[in-house]
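After this come two complexes, each holding chain A, first together with chain B and then together with chain C.
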Partner chain A sequence: MGSVQSRRWFLVPGVIFLLVIDMVPLVYSLWVSFYQWWLVRPRDIRFLGLGNYLSLAADPAFRRSILVTCTLTFGAVLAEFLAGLALALLFAQPFRFLRPLRAVIMMPLFVVPVVGATMWRLILHPEMGVLNYYLGLIGLGNPQWLADPTMAMCALILVDAWRTIPFMFLVMLAGLETLPAELFEAARVDGASWLQAFRFITLPLLTYIMLVAVLIRGMDVFREFDIVFVLTGGGPGTATETMQMLNYRVFGLGHMGQANAIGVVTLILVALMCYLLIRVVQRSR
Partner chain B sequence: MRTRKLLTVLALIPALAWTLFPLLWILTASFKTELSLYAKPPQWIFSPILENYRRVLFNIPFFEYLTNSLLIATGTTLGSLVLGTLAAYGFSRTRFWGSEALRFLILVTRMVPRMTLVVPYYLMMLKIGMLDTYSGLIIAYVSFAMPFSIWLLIGFFDDVPLEVEEAALVDGCTPVGTLVRVVIPIAAPGLAVAAIFAFLVSWNEFLFALILSGVHSKTLPVVIAGLTTDLGPLYGEMSAAAVMVMLPNVLMTLVLQRYVVKGLTLGAVKG
Partner chain C sequence: MREIRAVHRKSPAGILVVAGTMALLVALALGLAPGAWAQGKTLNLSMLAGFKEDVLRANLPDFEKKTGIKVAVDAAPLGELYKKQLLALSTGARYDVLFMDEPWIPALSEFLSPLDERVKGVDMQDFVPTTVAAGAFQGKQYALPVDPNVQILIYRKDLFAQKGLKPPATWEELLKIGKAMHDPAKQQYGFVLTASNDLQTINYMLLAMWSYGAEIVDSQMRGALNSEAGKKGGEVFLELVSLAPPAVKTYTFADVNKAIQLGQAVMGVQWASGAKPLEDKSRSEVAGKLGYAVAPKGTRVSPMRGVWTIAIAKSSPNQDAAWEFAKWLSSREFGMASTRYPSAISAIHSPRVSVLSDPGTQQALPYAPVLLDSLRVAKERPRLKEYADIQDSLRIIAGKLTAGELKLDAALREMDAATNKMLGK
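Now for the complex of A and B:
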């Protein structure tokens, strides 16, 4: 009883709970995805094998949703990465007045996602919103943010970036602060410009953290639902219907086999990204 | 150095404006009359009214939804603290074959897309009659909050010296008694952080609440998202509701900022 090793039994309830709550639905989902299963016809459940997956592969809506998801992921992660890096470089400078401002920059990360999206929906409103008024002042016209297919995608990227630039910022700032100051000191003595120091010291040493941050955010945007649901609902038409939105729509139709099949495909794609992340982490060790 | 300082300040202005502008706009909009909401140019100085808040609080059953949100978040916090503390303590004090892999597996469960989980979860809850119940949502949220709690708490428990525990054991304390009376008081700050994060996981969650909740368990994010259907006349009310739901989160940022970095960079910086 006294031995410390007996403490291992403490982790049994938590680990079992977690595995059951995560694994049972996933196995069940895989099983349902092999059936024709309409929620309104519980007596007419038929085994289809890979039928749901084959009809997905032939479905133009599904193929378009993959493209939409990739566009959103690429656009949002790129914007967040560049802005986050710039902010981190700004805040890594040795000025004392920057410290308390970090908390301000972090705020959007804490806003309830749905509330943040709602807020932006009010701001982007073409008549009552405030953004278009100021854009008009600088001659950028009156973009129909949520009614135009291209602008709707831009709006999603904008709002996702607003919420999660602080994430990129914090991760990269934490990385910047671990860089040895002597290196920059030596570079300065040798007459290197700020740009050269950034190119030849900061970038190579930060590559690992940047890669990890980009992969984590990539997986997050890939699975994004709240912002898309509130801002565009996949519209106009199906212009911003991501895989998650399509999955939600098919679920809403009661087509359970198909909905689970989309879920399984999404999981496989995210798992591939996750595998890539693990490889990156392992290689750096 | 002076020019550099000046440039820094100049670069800060757009960064702060970008971060704060939407928040300030919604805050002011929530205190505006219908007339000043439509005003062009937008008014930043006006005489504030509380009408929007009054309407949100009393025209929709706001307190009912608030109670749902609070009770579900409290249940999530308690559940994930109890299970997370036990598991983290176990991980912190023992090494066995596969324990590293198990720790890692727990972190990976965070990566599963919620949509992939919610569809089968809905079918299962439907079958056992737990749709639209608090416990149906709490069980799901505990599983969302636990991976982070466990990883955070392992760090705090690792810092508790083993000698303290051995002394308690020699004095005749049971293992559970040692955990409760000796280890937990020392690691209390870690538990507080884990509790706040678990609370926020539940407070913010939308997808599961949207699909699993109904008239008895609707949470605030679902209510807010529902208001968007009829935008024009609800502009003021929506702003007021947004401000009220946002408030606890923004306050917690200030309390937590030191730990946020630790949480977000978990795994990323440590490697």
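Now for the complex of A and C:
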């Protein structure tokens, strides 16, 4: 056994790996965000300081993209959370016939996001889509899922929820299965209803796991790109243009400084969201 | 003999003469054998994926056999191609030759080899003049035209004949016919275009606005779409949208073709590149029933030009081989082969008058005469380094207009403001 001092050297490879993989690109990105650097004019690279950040703050498109991203994040995480919890509660019941269905519920998780989004684009197509065909049969008209600004956002939330409800379900079910059965038996003996048991036993004991799941999904949806790109491309108009779509657009036009500034702001917002959720998680323990 | 040897040994000038003569002979031999100097070279080509890539790939063996130059094709879809080329060229190009859309040339000219000296050896007279201009920027030729594209009017010849109608020459005539034949209950729509935030939407809007005399920038290089002409064109554009299928707000280039192929649209404007599949009987219910015409005019005829060109990266170590490839791709030989390529969807046309006016071409491509006529009057997008940025902003604003986020007046104001911002005005 070596001393504590010598054992710390074993951390060095990990620290170096972390620095190279995480810190170097991050610092480089931050550094680039202080410059005006347009790939089309390679000889005109100028230090702007906070110029890119100030122009972002003044840009209505950027402010709107933050709002759109927050709406999508809130809507998708809420839908996934509620559906995941409901399914987990159902599958936690001792019904044998539900067991095979677990695998079916998990299937969307195995679909490549771009493939899933493309499939949904076809399903939601107003003329060729199977969804509108059946809605038409029952007299619900021909909704323009991806052409109407509000419905396009709903469609994104729906597709994101479809893809990741299994994740929420899995996490919640794992949490439910760790809850001590004695507590529920005691509650039943005391005459507690199912709702009371849920309110006073399940919810408090599951809060930590729920918050962790919401934290993970919140970070994911905030950085969502593929589904938005395939389904709406940020449209109609700018109704679903998230920060990531805007970043992709700016980067594609070669504005490296601005694109990196958007990336840094995204990182700050995600970090802030994580910090707040982690505080809530810690309080819940 | 010894004396002679001694003289030779002592004469460096003689050695130089012999070596020089041999070098000259080798150079001549290489020059006389076509492509011999290029044997074993491989060119990296950045190419548009899909319906132009397959025509190229089918014909590449001919070029490779003739010159000994291999071509490695790196194809990317339209939405990604500019980004990929910009990134590659600005970070030390991995490409030797690039198949690029003409509006990209000003922005990428910094990284391209000027071809002015080289084109002196090419018969430029055979090209439609506007297609040559597509490869030029600020008086320098950076690319050769390969695939001339232009917006053309497509209409249902059979329905027009039933009603005794002629193809519309003006937007007023088109709207009148469109409204008369618009019958959503029968899934028959007066006109088809895109009204999403797809790039094509702003191109349709510009087609209408340009035709009334509006310009994206004026002579002072300031945004100029917010004008009477711009407003008139914008109104026509919105009327066209009202005659389109209900899902038009999600439409892309491919959806326009699909609506025509299914016989849902009485009329439509499409790039000539999209016209070939419309005549394929296995895909199109209206094959043989379509007519083609130059896009209608407002106060002038000004269909948008969009020529695909071939350019050489300045950083390419294979400049001569790249030039051989560029010459071949824009040649009459390739044009004749590509216009006759037996595929229903593939389309690389030719910028050469001799190819487009050839009876065989006109038989293979019924729209070839209209393509030629349209190219002659086609209007180019502003040749500005900032055009990709301006176009992207205009695309978003046109999407906001069709989505109902903006009214026409506000959209035109926002378009000019975006243009001025990009141009630093």
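Here is the rule we go by: the second predicted complex is superposed on the first by the 254 of 285 C-alpha atoms of A that agree within 3 Å, B and C clash if a C-alpha of one lies under 4 Å from a C-alpha of the other, contacts with A are read in each partner's own complex, and residues count from 1 in each chain.
Everything that follows uses one rule, which is that a contact is a pair of C-beta atoms (placed from the backbone, for glycine too) under 8 Å apart; a residue touches a chain by one contact, two chains touch by 3 or more.
Small disclaimer: the values here were computed from a predicted structure and weren't measured.
Trainee: Using the superposition on chain A described above, determine whether A:Gly84 touches chain B (first), chain C (second), both, or neither.
Mentor: neither
Trainee: Which partner chains sit in contact with A:Gly218 here, chain B, chain C, both or neither? Use first/second/both/neither.
Mentor: So A:Gly218 meets neither chain B nor chain C here.
Trainee: Counting touched residues of chain A, say whether chain B or chain C comes out ahead.
Mentor: Counting contacted residues of chain A, the larger count belongs to B.
Trainee: Is A:Ala239 contacted by the first partner chain B, the second partner chain C, both or neither?
Mentor: second
Trainee: Report for A:His125: first if it touches chain B alone, second if chain C alone, otherwise both or neither.
Mentor: both
Trainee: For A:Gly257, is the partner it touches chain B (first), chain C (second), both, or none of the two (neither)?
Mentor: In the superposition, A:Gly257 touches no partner, neither chain B nor chain C.
Trainee: Please indicate which partner A:Leu146 is in contact with in the superposed arrangement: first for chain B, second for chain C, both, or neither.
Mentor: Only chain C; A:Leu146 stays clear of chain B.
Trainee: Intersection of chain A residues contacting chain B with those contacting chain C?
Mentor: Residues common to the chain A contacts of chain C and of chain B are 125, 251, listed in rising order.
Trainee: Show me the residue ranges of chain A that touch chain B in the complex, using the header's touch definition.
Mentor: These residues of chain A touch chain B: 1-2, 4-15, 17-18, 21-22, 24-26, 28-29, 32, 87, 90, 93, 95, 98, 101-116, 118-123, 125, 128, 130, 133, 162, 167, 170-171, 174-175, 178, 208-209, 212-213, 216, 219, 222-223, 225-226, 229-230, 244, 247-248, 251, 256, 259-260, 263-264, 266-267, 270-271, 274, 281, 284-285.
Trainee: Can you name the residues of chain B that touch chain A in the complex?
Mentor: 4-5, 8, 11-12, 15-16, 18-20, 22-23, 25-26, 29, 37-38, 40-42, 83-84, 86-91, 93-94, 96, 99, 102, 106, 108-109, 111-117, 119-124, 139-140, 142-143, 146-147, 150, 162, 165, 169, 174-175, 179, 200, 203-204, 206-207, 210-211, 220-221, 224-225, 227-228, 231-232, 235, 238-239, 242, 245-246, 249-250, 252-254, 257, 260-261, 264-265, 267-269, 271
Trainee: Hey, which residues of chain A end up touching chain C in the complex?
Mentor: Touch list, chain A to chain C: 39-42, 61, 125-127, 142, 144, 146-147, 149, 233-239, 241, 249, 251-254.
Trainee: Which residues of chain C touch chain A once you look at their complex with the stated criterion?
Mentor: Contacts found on chain C: 82-83, 86-87, 90-91, 107-108, 110, 196-198, 245-250, 385, 388-389, 392, 396, 399-406.
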